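Labels A, B and C are assigned to the chains in the order they are written; within every chain, residues are numbered from 1.
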Amino acid sequence: MKNLISVANPIDNQLIKTRRLFTKITEHGDRPWNFLLISVSLLVIALIIGVVFLLWRDSALARTGLGWDFLKPISNASWNPVTGKMQAWPFIYGTLITSLIAIIIALPVSIGISIFLAELCPNWLRVPLGWMIELLAAIPSVVYGIWGIFVFLPQIITPLGNFLWITLGKIPVFQILFMGPIPQSGMSRLAAGIILSIMIIPTIAAVSRDVFLAIPKAQREASYALGSTQWETIWRVLIPYASSGILGASILGLGRALGETMAVTMVIGNSLEASSSLLRPGYSMASIIVNQFQDTVSSLHSNALIEIALILFFITLILNLVARLMVWQASKKFQKG
Amino acid sequence: MLKKLLNVVFVVLAGGLILSACQPAATPAPAAFTQAPTMEATLAPGSVQLVAQGATFPLPVYDVWTKSFQFVDPSVNITYAGTGSGAGKKAIVDGTVDFAGSDSVLKDEYSQVADLQMLPTLAGAVVPIFNLQSSEKDKDGKAITISELVLDRQTLADIFQAKITNWNDPAIAKLNPTAKLPEVGITVIHRADSSGTTEIFTNALASFSADWKDKVGAGSTVEWPVDKNGNGLGAKGNPGVSVAVQNTTNSIGYVELSYAVANKLAYAKLVNKVGKIVTANAASIQADMSDFANAFDAKLNAKIVDGGSEGSWPITGYTYLIVRMESMKDCLKARKTVEYIKWTLTDARATKIANDLGYASLPKSVYDLVMAKLNNLTCNGAVVSK
Amino acid sequence: MTSFRNSSSEINLLNSQPLRKRRIFINQIMLVITGIMVLLALIPLIWIIIYVFIKGRLAINWNFFTQLPTILGQAGGGILHAIQGTLILLLISTLIAIPIGVLTALYVTRHPNTLLGIATRFGTDVLSGIPSIIIGIFCYAVIVKPQGHFSALAGGIALAILMLPIIIRTTEEMVKLVPTDLREASLALGAPEWKTAITVVLPAAVNGIITGFMLGIARASGETAPLLFTALGNEGFNLTQIVQNGIAQKQNLFTIVGRIINSPVDSLPLTLFKYTSMPYPEQITLAWGVALVLLVIILFLNISAKVFILVREAKIKGK
């Protein structure tokens, strides 16, 4: 081969030599390339390890100094950074209860939306409507906050809160959740919960819609063949079939609600009041960190805030993983038919 | 086709960024600063960027001062963020700012950074602001706002300690016989963040009421008794408390005087230590300051609440700038910091700005002490000021 | 025969007029309810957009976009610093997130079953779920504190970390869609892996990468919490001065860029957050203006990304 080539035109010869040289140099380009790819992937993993390590290290003082008392669910918890007596239960409670309200409101609405988009919507409307729902997720948290403070809270939440106080708040059973008049500004756990629900509806609805669309047609056809109405098909066949996927979607939404910072901080009232009521202002884990992180009066204080961040991290991590597991399980089930 | 569209968008954005960098984008010049500034020949405009953060107590003044200084020395561009005294103290300890503002005194911070120095700059008044509607309605049925209120020292402390919970409490009614106080609960608004304003206010309350001093104490953050009762709300910064009181009827809060004036919030008169009813203004602040002529300790801190003369406003305090006396890393910035602080103390325009906003300037003796400290600020071993 | 007769009678029962009517009625009601749910979700969207537009419109004028903030409580001034800050932060975060994201996605799609591949995919999932404030704390401890100052660089890195999962995921999906024949043909022609990836696979996937980039930017431009601890905010940020000084003093490009990325900067959402808590009405008006600008930018980015996807899918189906 080589002899044949050298016999040919000398200019071609030169070109071939150059090309061979080039190939020789760059064929080993695969090694640095793979090295680059591997190191970049490692960077992603290192980042997560770094975050966990940092949260763990910088909360050490609080974990050892404050112990398990830090997390105890007691009703008159103190948060006094000056004396060093700090208990995080009010914040944990605030985060949990607002996220719970968000899920309770968002779940039925999202399922309704996803059913509409997947089953009932005329084809021409499906994409634009889906976009509009997804736009809800795109609105920045602070815009929800400013709209909440000046519009939503005074016009909707305050009247709603007053109504609940007059009705449910007078019934002893409900007083634990509906006690006390709502502040005039409307800042309360209820406000945070409702705004959170608006923010997570797109997440749950989008995933649920995809789950519904993935259900094999055979299931629907079988149900119709047996004479079911459309709703009966949805209620008795599709929803149970998609249940693990929907559950996964809800947990994803829950995860988002737990970590939501700005909108909650702006409407929850940031109060350390010892009340469990939805109508009263409260605090959330993310809010206390935002409000006090730049302001810490001692190492114990900053460590305590980072311990709260650590707890938040682990809760969202576990929920996120559980959710993805469920959605993945659901998709496997559909593949089996 | 869409890729082309995206390219167009990028070009427009990049072009916009570059274009915005090419045009002079000036902060509008305040009225007093239209004369030509002097500047060192070796420095270009805005080449020294000073970053500061801290107390919101002096923020209305510091905001004007920092934005005006570029018209005095164009080479310096200062930004002051009102993040609260606690954040200011933390930032100067962490070394993330060139100087900090705080009305709350340093304590343990000296053990972390030994060369921190507090420099008093101004004195100001903390006033109790309120939003109150009387129990009687006008002829259209709308509620009448109460615009004047007198409180005394013990009553104020009791309100914040949740001992007095209703507006028509006898103690308040006694001081305000003509006001038709409503029979509603008092919503107490306090600071949620670590605050020098809180420190000044709680120092005053501790002086007003032995019970407050005993059970709650004074400091930049305290555990507010009203929170336990469900009548307390926390807000961030002096601005936050102002907004909260504005938006909550039948509430009371505490802010620095200029916030109340600028936002036309009603603020209460107090019965001071010698029994005279005083309102917060430049004169009553000065009267209180002169009650404590020799109150400055070695660290240049002074507590001046609850003065004993007739015209004293009881809730007065100094606000400070915190600098590092030796450990600033950038010596040009150190020099410019010193020049800026000196300017705020010496230039008549700066003093006028502060006084117009309701703050009092330092008495001569304190002024001399501060200038002496500034003259001793060193960087890399050498004194920075000329 | 018997069972047939029974089931037919059952069916007759199920189709008996009253029960049938009831079932049809329930069907109608529930379908209407799902429609109501959709409206319920759309109401806040439309409400927010309209309200922000109405209130923000008052603040929009030429000064708004071209001037730096004026003194507290005075009318006038603008948010130029926030716009410039946002653009700078987005530039920094894009320059960091896109190379890292694309390269990671390339690795993960090429070696999906290795330990590193699985771990990286898992890691991306974890990263996407971390609340943004924790990323802010991380960047404060790792960048701001050691450096000794708040900076646009720290803010940009925080935003890059938040953008990374989006870019990795969208790039991964797009690269998976590139037919393997294409890759194999390139390799058969003697191109090394890296060349194949850069000149064959990526161009085929570039639309998806752009989509991911736009979605990532949309997310990053709306973030506030991590910037509170990294970029801090800077009302006096004067890009013009920095650039003009640099040119006047004959500094090289690196010095000028270095000065820019090392100063604290403001961003649109950060400014919005700050101004919302101010008692001065002028600031509140400015805040609504910022909300309007932010909303327009983000809606534009999101809708464009979706249009991109739609066109791309239509092209694929068309093929």
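Observations, loosely collected:
Assume contacts are C-beta pairs under 8 Å (C-beta built on N, C-alpha and C of every residue); 3 or more make two chains touch, one makes a residue touch a chain.
As the structure is a prediction and not an experimental result, all values here were calculated from the model.
Because contacts link each chain to all the remaining chains, their graph is best described as complete. The chain pair A-B and the chain pair A-C differ in C-beta contact count, and the higher one is A-C.
For the pair subunit A and subunit B, the distance between mean C-alpha positions equals 38 Å.
Chain geometry summary: the mean Cα position of subunit A and that of subunit C are 14 Å apart.
Among all residues of subunit A, those that touch two or more other chains are 294. The residues of subunit B that reach two or more other chains are 235-236, listed in rising order.
Within the complex formed with subunit C, the subunit B residues making contact are 2-3, 6, 13, 16-17, 20-28, 30, 44-47, 49, 51, 53, 59-60, 63-64, 66-67, 70, 77-79, 81, 94-97, 235-237, 239-240, 242-243, 246, 259, 262-263, 329. Within the complex formed with subunit B, the subunit C residues making contact are 66-73, 76-77, 80, 83-84, 87-88, 91, 144-145, 148-150, 206-207, 210, 232-245, 248-249, 263-264, 277-280, 307-308, 311. Within the complex, the subunit A residues that touch subunit B are 76, 78-82, 180, 183-185, 187, 269-275, 280-281, 291-292, 294-298.
For subunit C in complex with subunit A, the residues that touch the partner chain are 11, 14-15, 23-24, 26-27, 30-31, 33-38, 40-42, 44-45, 47-48, 51-52, 55, 99-100, 103-104, 106-108, 110, 116-117, 119-120, 123-135, 137-138, 140-142, 161, 164, 168, 190, 192-195, 197, 218, 221-225, 228-229, 269, 272-273, 276, 287-288, 291, 294-295, 298-299, 302-303, 306, 310. Those residues of subunit B that touch subunit A in the complex are listed here as 83-84, 86-87, 90-91, 108, 187, 192-194, 219-224, 227-230, 232-236, 244, 247-249.
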